[in-house]
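Two complexes follow with subunit A in common, the first pairing it with subunit B and the second with subunit C.
Up next is the complex of A and B:
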């Protein structure tokens, strides 16, 4: 690292609050998507894919843990408490990851769109001036490559497979695509982070993501829907599905007193 | 600080070389490149830097505890720190450990060759079958029984096998 790198003690108060919001958004997307993927364990169409999706879910869960630990460095919060004791209104996940898992095509098309977003975002985050974030990004970017490789292959296989697999993949893409702009919407105060080089500019991330995914979708025989012109909803406005997901995910933890160690 | 007795650091490294990787017990945490640094702070306090292989690897807690136990067994007080930078790479796995992996039935990782690494890379390196040595192998799954492995099949001897991901 250069000697100008920022640490938790050299951030100003506004940067600190904005970074907490950004880390929470990163973590919540991975945590919620991880849960949706984990719903397939024991139900995937073939054993290999059961294993693959469980691996991906485990990776995303691990990454959520890394982001929440970085948040903990800033505000003293505990990752497990944040995961299991927050209600839907306190979550900052995007709608794309909250939607029910749907069929196999829906799950894989969503995972592809998200993996590509995460891979580009994390790749650019490697240059962060906030040293702990840059170090985590350099670690995680190497793992994400395996996700994208896997889900890109599945999109191609489903898109070019049978009429039925193409129809289902196209239906999934038509439903998912309008939710993608929210991934690139800044959190409150994010511009101060971008100005300080702490996080990449999401508009730039989107400019790399769009041609990457549209080219692959087109190669896979899928039609890219029109992007909605209305600005995306803030990450405080969730789908109706999040509360139900959290009820299940948090059910066991909430039967115990806070701080219980197993 | 170098006030520890001569050879004390080497002794800790030697002790750690007996700590097996919990998921692949034929190799140890030193030759896997997981232990990054050992240093004394005072007479009997030892700081061990370890680095996660995969950030979601569930064996990390087991490894951390096993490292601390090994230091304690030397009569020293351990502090195990997790360092993320530089990120762990399979290029740090020693030649000897690669041989052990292959004899154990896991194809060792190919050199990472970071330069040509694209975000969407559809053709992975072809591993050699650890059983018969043939390169006529096909990938069955880019994910395996643990986060660090992929599943392949050898077309020459028909044997399925696991390979270590190049990371």
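Up next is the complex of A and C:
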């Protein structure tokens, strides 16, 4: 890092608010996706992949913790309180990660689309002018490269495997694809962060992501559906599935008083 | 146990549909100067899948710099007990001379690994490779041998990008040995008046989670 790097005390108020919103979106995507992946524990098709998906879920949960800690540096919030005491309306997750886990093809196609997004996004975030964010990204990017290798391998095998696995993968892609543009929609005030080099421009991330995933999907015998022309919904509008997911995820924590230490 | 033949159902028995994927043995290298060691096995559809699965299962926490996977049918395994019983070796076809990797187990005190790679020999069959292995690596006496063609091994590549994304993250992850968690009653180590637990985050023995 150069000595001109930004720190939490050198951000202006608008940058600070926008960065809180961006970190919350990053964290909520990883937290919700982690929960969806964890729903497979004990249910995956074979033992090795059961453990592998649990590993990925743990990594994503760890990333959510990193983003929420960075947010805590800015506003004093507590990661556990944010995870376990917010209602669906306060979450900023994307719809892609909220959808139920579906079958194995649905889970792996979603994880592939998300891993590719995260790998590109975090790769570009390594150059952030906000030193704590750049440092976190440099750690996370390594794990994401491996996640992407793992899930890309699965997409290829499911797409080219049997008629049944191809059919299921295509059905998953058809359902998931229209939700992908929301990942690249800026949060309020994000342009001030891009201008200051704090976060990468999401349009640029999408421009790298699109050929990366479409080439691999085509190699895997899958047709890429049309991208919706309507602008994506804001991250304040959730699927019906989020509230039910949070009810289960937060159930135990909410039986205790806030601040209970386990 | 021959690198050229797929596993076959024993003749005369009712054949049942095989739904399990092929098995691959996993060998992990902890540091550049250390041997590759057999750490366990995975079921996977193909070599690349086996390697990715092996990384996830066997290199999440402990340090590693390289991994190999070998299909189980490519390995000729031999134990001291088989030698003592005079059990015949499986028939293995003669072929072109090729390098075989030799791995062996030399004591019973190991909990996390089975055999260690000691080197290679060049031979025209697995049986001849085993003979050569015994002659080339006589000491200390081996409790178990593995020989397998070098060509049957699929390896992680050693580019910085792979080392960074496959193996580096595990080094920064702290973890606890099982012994550092609370138990009901008194932990045996406390009764003996010893320190109860290794400090979290130490690479103190390659515990898997």
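Definition applied: the second predicted complex is superposed on the first by the 262 of 262 C-alpha atoms of A that agree within 3 Å, B and C clash if a C-alpha of one lies under 4 Å from a C-alpha of the other, contacts with A are read in each partner's own complex, and residues count from 1 in each chain.
Keep this in mind: a contact is a pair of C-beta atoms (placed from the backbone, for glycine too) under 8 Å apart; a residue touches a chain by one contact, two chains touch by 3 or more.
A quick note: this is a predicted structure, and the numbers were derived from the prediction, not measured.
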Partners on subunit A (subunit B, subunit C) - clash or fit: clash
Touching partner for A:157 - first (subunit B), second (subunit C), both, neither: second
First, second, both or neither for A:135, with subunit B first and subunit C second: first
Touching partner for A:199 - first (subunit B), second (subunit C), both, neither: neither
Dominant toucher of subunit A (residue count), subunit B or subunit C: B
Contacts of A:246 with subunit B and subunit C, given as first, second, both or neither: neither
Partner chain(s) touched by A:216 [first = subunit B, second = subunit C, both, neither]: first
Steric overlap of subunit B with subunit C in the superposed model, located at which of 39-47, 75-83 or 147-155: 147-155
Shared contact residues on subunit A - subunit B and subunit C: 48, 51-52, 55, 139, 142-143, 145-146, 149-150, 153
Of subunit C, residues touching subunit A in the complex: 21, 42-45, 48-49, 52-53, 55-57, 60, 161, 164-166, 168-169, 172
Sites on subunit A touched by subunit C in the complex: 46-49, 51-52, 55, 139, 142-143, 145-146, 149-150, 153, 157
List of subunit B residues in touch with subunit A within their complex: 52, 54-58, 84-89, 117, 119-122, 124, 140-145, 147, 151, 165, 167
Complex contacts: residues of subunit A adjacent to subunit B: 1, 48, 51-52, 54-56, 58-63, 65-66, 116, 119-120, 123, 132, 134-136, 138-140, 142-143, 145-146, 148-150, 152-153, 212, 216
